[in-house]
Amino acid sequence: MKVGFIGLGNMGSAMARNLIKAGHALMVYNQTKSRAEELRPLGAKVASSPSEAASRAEALITMVTNDDAVEDVIFENGKAIDVLPTGGVHVSMSTISVALSRRLVAAHRERKQHFVAAPVFGRPDAAAAAKLFIAAAGPADQIARCQCLFDAMGQKTFVVGDEAPAANLVKVTANFLITTVIESLGEAFALIRKSGVEPEQFLEVLTGSLFAAPIFRTYGRMIAADNFEPVGFSMVLGMKDNRLVLSAAEDAAVPMPMASLIRDRMLTATAQGMGAADWAAIARISFQEAGL
Amino acid sequence: MKVGFIGLGNMGSAMARNLIKAGHALMVYNQTKSRAEELRPLGAKVASSPSEAASRAEALITMVTNDDAVEDVIFENGKAIDVLPTGGVHVSMSTISVALSRRLVAAHRERKQHFVAAPVFGRPDAAAAAKLFIAAAGPADQIARCQCLFDAMGQKTFVVGDEAPAANLVKVTANFLITTVIESLGEAFALIRKSGVEPEQFLEVLTGSLFAAPIFRTYGRMIAADNFEPVGFSMVLGMKDNRLVLSAAEDAAVPMPMASLIRDRMLTATAQGMGAADWAAIARISFQEAGL
Amino acid sequence: MKVGFIGLGNMGSAMARNLIKAGHALMVYNQTKSRAEELRPLGAKVASSPSEAASRAEALITMVTNDDAVEDVIFENGKAIDVLPTGGVHVSMSTISVALSRRLVAAHRERKQHFVAAPVFGRPDAAAAAKLFIAAAGPADQIARCQCLFDAMGQKTFVVGDEAPAANLVKVTANFLITTVIESLGEAFALIRKSGVEPEQFLEVLTGSLFAAPIFRTYGRMIAADNFEPVGFSMVLGMKDNRLVLSAAEDAAVPMPMASLIRDRMLTATAQGMGAADWAAIARISFQEAGL
Amino acid sequence: MKVGFIGLGNMGSAMARNLIKAGHALMVYNQTKSRAEELRPLGAKVASSPSEAASRAEALITMVTNDDAVEDVIFENGKAIDVLPTGGVHVSMSTISVALSRRLVAAHRERKQHFVAAPVFGRPDAAAAAKLFIAAAGPADQIARCQCLFDAMGQKTFVVGDEAPAANLVKVTANFLITTVIESLGEAFALIRKSGVEPEQFLEVLTGSLFAAPIFRTYGRMIAADNFEPVGFSMVLGMKDNRLVLSAAEDAAVPMPMASLIRDRMLTATAQGMGAADWAAIARISFQEAGL
């Protein structure tokens, strides 16, 4: 399939490589061009602008930092939407707002293009291993059309509805759940450590019993060891995601006290110089508060 | 093994049955005698007092409601501690306070008896299926001695240290984590439902990906369906457990804002007549607040 | 003084009347024209557009709903900034964001106009009685120039700095404090009422002792009586103000857990149909939660 | 009047002096005897035990640290209740639990003694100046009988009901309101300071307008200056009072999220070595979190 791919950060770069491996014809674009050039030896063409990446694509994948970046490449400077061929599909895989997703649905429809929201779950190592989970929403035929792409990047695709914004809501809500797991583990390990119980033993009980899920293993290990390196997902991006869920919840008039608490934790972490740390480092706030 | 077993509620009764099945000689006691009589046809002897259950036991298991009940059978009316034979081991499997566990360590030591804390994870159906998880702490030789009992009741035993109160701390902290999962799912599903996404589809994404743990499946199902029957663990008991973790955290000077939030949720639920409901029904508070 | 006055809601209308009474020459504008016409018999001229109101003003006062409304009359549709005479001063008395205030400082400077931020404290009755408190910031000479206007509308002017945004920050932070008083009284009276103590007696203790401030009297009376009519300041406006303080705090990386709590309370109130109620009605959430 | 006075801390000592000045015959008791001896030159008799102080009293005032101390002097070691003459009145002026107040009502009634709860508002300087506010509850004739005592110690007495525990509830609830003022000011000044506005100017706006109450002046000054010396009321006592309101609220099934937040703040302060600091120092947590 002819794929335009915009956004080659830690996640996007790994995803693009897996698409190339699966035999798709990629034209890639990234703001910092060197990251795009790395893919040329693997067989990708390198576009000099978002619109060049879009202009001959059957599918245009965006995997960029945030709403602003999507707006920039699709509508503003990039104007990719003006050149994506009729009948082409824009597959937005970034974590973006429900509101922007609604805008994209309308804008693509107007131009007789298609839009699928397909945000992903997993950190860079999962992206590299083609083990992402993908939550996709949009017209059923378009999702079917993109299935071969999803299969190249992920281990499983969940279809959560035929209206694209549903996938974005599912994504930001699931990300909220991740942050609650992090925060709850931070508080739990603060108590466990300060009471003199071995953190590793506590973690073993958790992940060996009711809490036997990747989410508890991944974050439990970091928090039990009080070691948040390497950075898989930064606090700055975490705050963005927290804003997305709070914003969706505000639009729907749904109070979410745990999301508010996470917001305060992340602001505290930022104020204390942890903006570039892994978002799991909010557990450190619990440790500090407890005097550990 | 000659086992005295005190406390035949939903959990205790199932556990005692599994011990009988495994060939142990049980003398059981329960405040409401009829529940004890039910075990007689299976081969148990029925004691007329806690001390009768304790008097000839190699191991005395207590599985009662709360600290007060343990104090009552062991120290006060029951006075089981006065008759448990020298060298006998008291295995406390209830969820009790770290403080009471410390008192029991000292009291049994004084009388040349042993004490093991071995609280369990799992709801009544897991108890019936001998699928409990057991977190045990105490002298290594005593835990080894009780392993055959644990094997009859549970699917796995975690040894979390040689000081009994460590197991109680692990238990109340893990229970705190369960409540955070419930609350976070309540908030998440409030947003999902009010935004018009199918709760079942969201749950499928969660339990099919990063959140593939029993805890998310069990509570996710209840909350997605907004159906909290039958009651597996009541709000009243949940509040007790919440008090236990807050009390351990206060003693250690560890602030736990999520535990505070859970406390407020449970008080709200109680004020609104949900004291006898399953503790997962705190999700209903999120639904109500969102106007669902 | 020749004053352009834009925004004749409950507050603005009362303020404009007091300026007329004090002998100032007013040209007033309001989106709903009938509210402007009411002032004509008192001596005001009625402008047909924001720019007409601004075009001959020495001082242009804006007292409109929110940031969007200020942007609309000053920059966008209204374009008042294009016609305000050189040397004229824009006195922004609405509660607006610190960010917009910064933008106004720059935009007016560019056009050789002046800008003073002078948000007010007080509800409509205080505005009618010329008893507002005014927090003003901006160039000292411009504040001095506007003092005669402030004196006509308020009982006291506080100068909080020579950079206009300082006044906006002071205002949104003080409004935050008002909401904390409301919320704390809601919780306190929930406990008092449910425990069978007379709310009036409790209020008398408060306002007769350490809490002898207008803020406790005004809101204490409403909350003790569980009567939030008439609406002095609506929940919708309260949410706007809450967003302003949370946004300023986010920009400065300052976590404010009480502001987060207020946000959740207001969202709950909104979800339950109290969007048009007085913002003090968040106390009702405390009453409901307590089962009153 | 013949007054037994038990408890000569910073508060009690000042109150006792004012009673002596007003001409009452005091027999005083304090655990650390030297503090009692200081009152001998002023005319007080010094008792060697709580029961000696009670044995000939018409009114027995207790002004001790907490519930435990009251129980100790009245019921346990002190046994003052066994010797207080028939018809004598015990005036409990400490901040104690609603639950203990209920117990005292019953215990004194049984012995044909009277009980009045009359907790006070004000810090040691107010006590010294006889400027305390007193919230009294109990039988009307007994309050009338004690009025001359209250007049000697306070500037105003509020009668809040004829059931003594009402006064204790009023006291712990009002103390909760004090803590919310402290916390809200902590958050507000964190934002103000980090944004570069002068704290003193902000405080002047507050106390010169809607927030013109002693509570905002007293704590605003400390927090604006980030100076919490001298210690008027310690964190340890503050935590006690927080526990009292949370406990009363739990008994009544009333969730109080702000009280929960204060609890977490005080635990954090304690964990960070501020247990002996003034309770207003919880504002420091807000400053630290903001990176100030």
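Observations on the model:
Order of writing sets the labels: A, B, C and D. Residues in every chain begin at 1.
As a convention for this text, contacts are C-beta pairs under 8 Å (C-beta built on N, C-alpha and C of every residue); 3 or more make two chains touch, one makes a residue touch a chain.
No experiment lies behind these values; they were computed from the predicted model shown.
Distance from the centre of chain A peaks at D, each centre being the average of the chain's Cα atoms. Over half of the residue numbers at the interface between copies chain A and chain D are found on both sides, making the touching surfaces mostly the same.
The distance from the centre of chain B to the centre of chain D, each centre being the mean of the chain's C-alpha atoms, comes to 40 Å. In whole angstrom, the spacing between the mean C-alpha positions of chain A and chain D is 53.
With centres taken as mean Cα positions, chain D sits 38 Å from chain C.
In chain B, the positions touching at least two other chains are 249, 253-257, 261, 267-268, 271, 289-291. Taken in their complex, chain B has these residues touching chain D: 249-250, 253-257, 260-261, 263-265, 267-268, 270-271.
Per the touch definition, chain B reaches chain A in the complex via residues 98, 121-122, 133, 135, 156, 158-161, 166, 169-170, 173-174, 176-178, 180-181, 183-185, 187-188, 190-192, 194-198, 201-202, 204-206, 208-216, 218, 245, 248-249, 252-259, 261, 286, 289-291. Looking at the complex, you find that chain D touches chain A at residues 267-268, 271-273, 289-291.
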